[in-house]
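Two complexes are shown next, each including subunit A; its partner changes from subunit B in the first to subunit C in the second.
Up next, the complex of A and B:
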């Protein structure tokens, strides 16, 4: 019979297991980030040199969905789930419901992403269904990864030793459960043709962002920001209110991607009105984060995790408000089908979600592993990503508007292609900076996990002032 | 063409009135919580998370 382990050593063992899980999810996600954005560089290059890579497996039609799906389901999904596990355990003062399930989930996410990438490059594509181009059996693997994650996350929160379920867990559990529903609806065979397909396509592709990445990223914000500042969130109730308004307003607004289409007019109108209503959780949520940071903005000079989170909040505010403006029919008449939309999607997925993930990883992973990235690495990552994404979004926003105005004026299509030329070059310049920043991030992740820690103690706690007393 | 694209006026008005009322109500609630956050009880979970997290 084994002697009973000392409670503190059991706790240490559990913490170690959690750190390993968190590190594995982050490393895996980072590998997908580097891969997906390398494909993005190839795509950007092909705008200037369309004849480059003439083989079927290097065509734009195959590489584009590889880039988007690997970013969504390889990078962002895996990174956010790793963070969600850590936050659930810490905020509930408990242990992971099942370490084994966490590993199974990680394998399933990766199997789906690898199989999906190979299938797309071989030309197996489910067609015109944005962000769900993977053949449906592969999407079933992704769904099983979601179900495993949902079970494990809910199980962890159910075993909490706290009275309340902290706000972050509302967002993360909600996000995972909603996405299970979205993923099931996307597979239902009777929605794969006709107008039903269009409606579900809008429902799926928009909700894959707003009901998956957004709630998870916001949920992690609600934990990481108070921890970084040693200061509670400005308004907890507003966080809860934003959660419910996001749930009420968001699911139906995907139809604003199909204005002027044969979809029922009432559906399009409702999507526009609720796109305006989305300003409630967006403005309320952003103001909540910014008011939590009030008087502490200067700390960003020393704390890059805080700077990443600040940019993420601004990205959420600007990107989502821009989405509301884009939803109006008069605006869609100019921007629909143009590169402006590509700029918008990068402002939200990159300016908001990526910066949120990076800030929270830099804030929380060192607390789990006890290892820290160097200040130079953090600075390089931050500035290259910020400047790169700024160039990228600005060039596509300006170029896309010119494109749309060309079409409205009835100019020959080729005129809009010629006018986009310089903006495609700037898009490539921004993309290269963004990609290089990801390589630096990979090095930083290595330092925070299995590589050499850049320093023995965190810079951040020294900055924090206890506002709880 | 314009009339067809605008859809039935009465239907649009009903949709805008209903969803608009919900939207305006939520805006009021949001500003209320921003201006008067309250939550001064030290046992509130938002303080708890900072004190007892291991």
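Up next, the complex of A and C:
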């Protein structure tokens, strides 16, 4: 990449290496985003044209896990790890523990995701167990990538020149370390027979989203938001409180994925109780971010990165609160098994995680490379993603509710299929906008890395080390 | 350094404890759930079929868990812990884009129907959005001995040759047929079993329950419930005989202008619905597939409603029947 500043000193050289790592993770993640959501469009299209692409390799049941695993482990995971490295180095005012390990990790993540995608398309699916469908040897590769990342991230924080460990790193280090445990629990077979496996699946599904994507996204919020606003986080103590409550409550709520199933009734009830308790860290965290922005919401008009982060915070707040409501038995009786759940998945993974990642990349990557995306590109990306996902989530929420009510009324099953028709079309419309926004994002990433910067590098060297915390 | 140990190490320790408590321990305990009475391991070919099911992601659209809720009664009795003893990988699923398949082997035992449906679901259910699995079938000039070609409707059949199921499709069918619920067991061995449906207040009421219920009020002949009859026909019969009553040429007979349906004596009509029919030519045509029995699925009033719907639709003019007629026919036995 074209260095923005002269690598005239060792320090500059280190900065350049970090910028390269950050850029490479972002580019690689972006490629996965475009690929995975192209598959998403194809899936959405198949709801209206089920005979389209009806060979074995393009069948719905093989493409769907490709979509979910590629968005999870190709796109979101890689992007978040790249951000976590950058945030760790900057907030600890140090250098990467090992640049080489960062590259090794990136390769391992990509090898796992490529092998996983190919395996799924060939029909090697580990039991249709959601989000752990890759054959286990491939998940071992992913685990090794996590271990490398954990080692490198903890090593970097250990080399900090600050006295304190800034809050962001609590979340990111925690997220990576806990996820190593999740991956191990998911792979070992000895306690996964019949109903035992159902319990593990419940545990896994919600820990993958709640102890991996959630803490990493929150962690980078805690760095990027104060940075963009040049003011400290509203309450550091509240952030610490949310960290521990998140840690204790989230792992307990997994069984809410199997309400009304033959899992022990008390296990389901426990999950519901803690799904309500989750309001504590969720409200605490969101309030902290919103209060940090207090009085400065108008700044979003000039700063798209801030706007992305704001949407991400709202996505976290609304999506998680929706989850709490969804977890009640009375609500599950209507929404469970319907498209409403798919709406929730995208409100959280898209409205929260995606917007968080985008906001933080736009906030931090130009600082690393000294190159900027154009305002028009930012605007296009923001509005298409926002409007698209709004249509996506709204149509599935309405349609899913109708689907659930259809079943309750005892209509023949096919009625629910027919009634979903128009909502599936609207989902497709939203999906196309979302996909187009990702293409624009890819262009913006290009501008921020190898391509033509839309703006000259500022006179104050972008690589100047700055503190945020 | 100490701070780092406290934050990274401490939280990881806490998390490891919770992962053991909420993931591994329930896994260990529940893995030992004994099989319910009559629940058997899969045979070799059924297990192969399950692999086909998994490879092609059927469970992203189909659940295999019946909830103790009124709206799930159409899929069978509520699933019990003992049902899953041999279900590894578990295929409970999380979305019902298509119907639950826990009891599909009992609900739709016709191999002919299953094959046509897998080859192209829209051949039997025009509104279906299920993918076509035609690649699991071979097109050959002449079916090998012992294998019956799939009687596809013309619009879906290849121009030349006949369609026969590959070994993949045969295994998948064997697996689908193995999905049959055993009789309800009060499973007292697992402390946490959800209360039986009767013990729990019903959250919702179901307009057209399919569970046999004695003493349902019989509709009078003149005012038979046409809407209910149509709904029950759609739910139980139309996948084969089609909404138009015209059936599928070569696979399922038409009920439109059918002699038995228009016969003034409804005995044979009711009898066939109650007890099924196999190998008997209908209006001179012999059908490879069988008509499944509905005596255990539908109660007398429901069967009367369906029979009356058939007798008064698509230009048919059969004499209408009452639930008592059905009861009488049921009493006669097969």
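Rule of thumb we're sticking to: the second predicted complex is superposed on the first by the 447 of 469 C-alpha atoms of A that agree within 3 Å, B and C clash if a C-alpha of one lies under 4 Å from a C-alpha of the other, contacts with A are read in each partner's own complex, and residues count from 1 in each chain.
Here, contacts are C-beta pairs under 8 Å (C-beta built on N, C-alpha and C of every residue); 3 or more make two chains touch, one makes a residue touch a chain.
Being a predicted model, the structure only gives us computed values, none of them experimental.
Contacts of A:187 after superposition: neither subunit B nor subunit C is touched. When subunit B and subunit C are set side by side, the one touching more residues of subunit A is C. By the touch criterion defined above, A:402 lies against neither subunit B nor subunit C after alignment on the C-alpha atoms of chain A.
Looking at the shared chain after the overlay, A:164 reaches both subunit B and subunit C.
After overlaying the two complexes on the shared chain, residue contacts for A:436 are found with neither subunit B nor subunit C.
Contacts of A:234 after superposition: subunit B is touched, whereas subunit C is not reached. Looking at the shared chain after the overlay, A:266 reaches both subunit B and subunit C. Of the two partner chains, subunit B is the only one that A:276 touches; subunit C does not reach it.
When the two complexes are overlaid on their common chain A, residue A:93 makes contact with subunit B while staying clear of subunit C.
Residues 164, 248, 260, 265-266 of subunit A contact both subunit B in one complex and subunit C in the other.
The touching residues of subunit B, counted against subunit A in their complex, run 5, 7-8, 11-12, 15-16, 19-20, 22-23, 26-27, 29-30, 33-34, 37-39, 42, 44-54.
On subunit A, the positions that touch subunit C within their shared complex are 46-48, 50-51, 54-56, 59-62, 64-65, 123-130, 154, 157-158, 164-165, 169-170, 173-174, 177-178, 181-182, 185, 190-201, 203-204, 207, 211, 243-244, 247-248, 251-252, 254, 257-258, 260-267, 329-330, 333, 336-339, 341-342, 407-414, 417-418.
Interface residues of subunit A facing subunit B in the complex, by the touch rule stated above, are 11, 90-91, 93, 162-164, 166-167, 223, 226-227, 230-238, 241-242, 245, 248, 260, 265-266, 269-270, 273-274, 276-277, 279-280, 283-284, 287-288, 291, 466, 468.
Residues 1, 3-4, 7-8, 11-12, 14-16, 18-19, 22-24, 26-33, 54-61, 63, 65, 67-71, 74, 78-81, 83-99, 120-122, 125, 127-135, 190-195, 203-204, 206-209, 231, 234-235 of subunit C are the ones touching subunit A in the complex.
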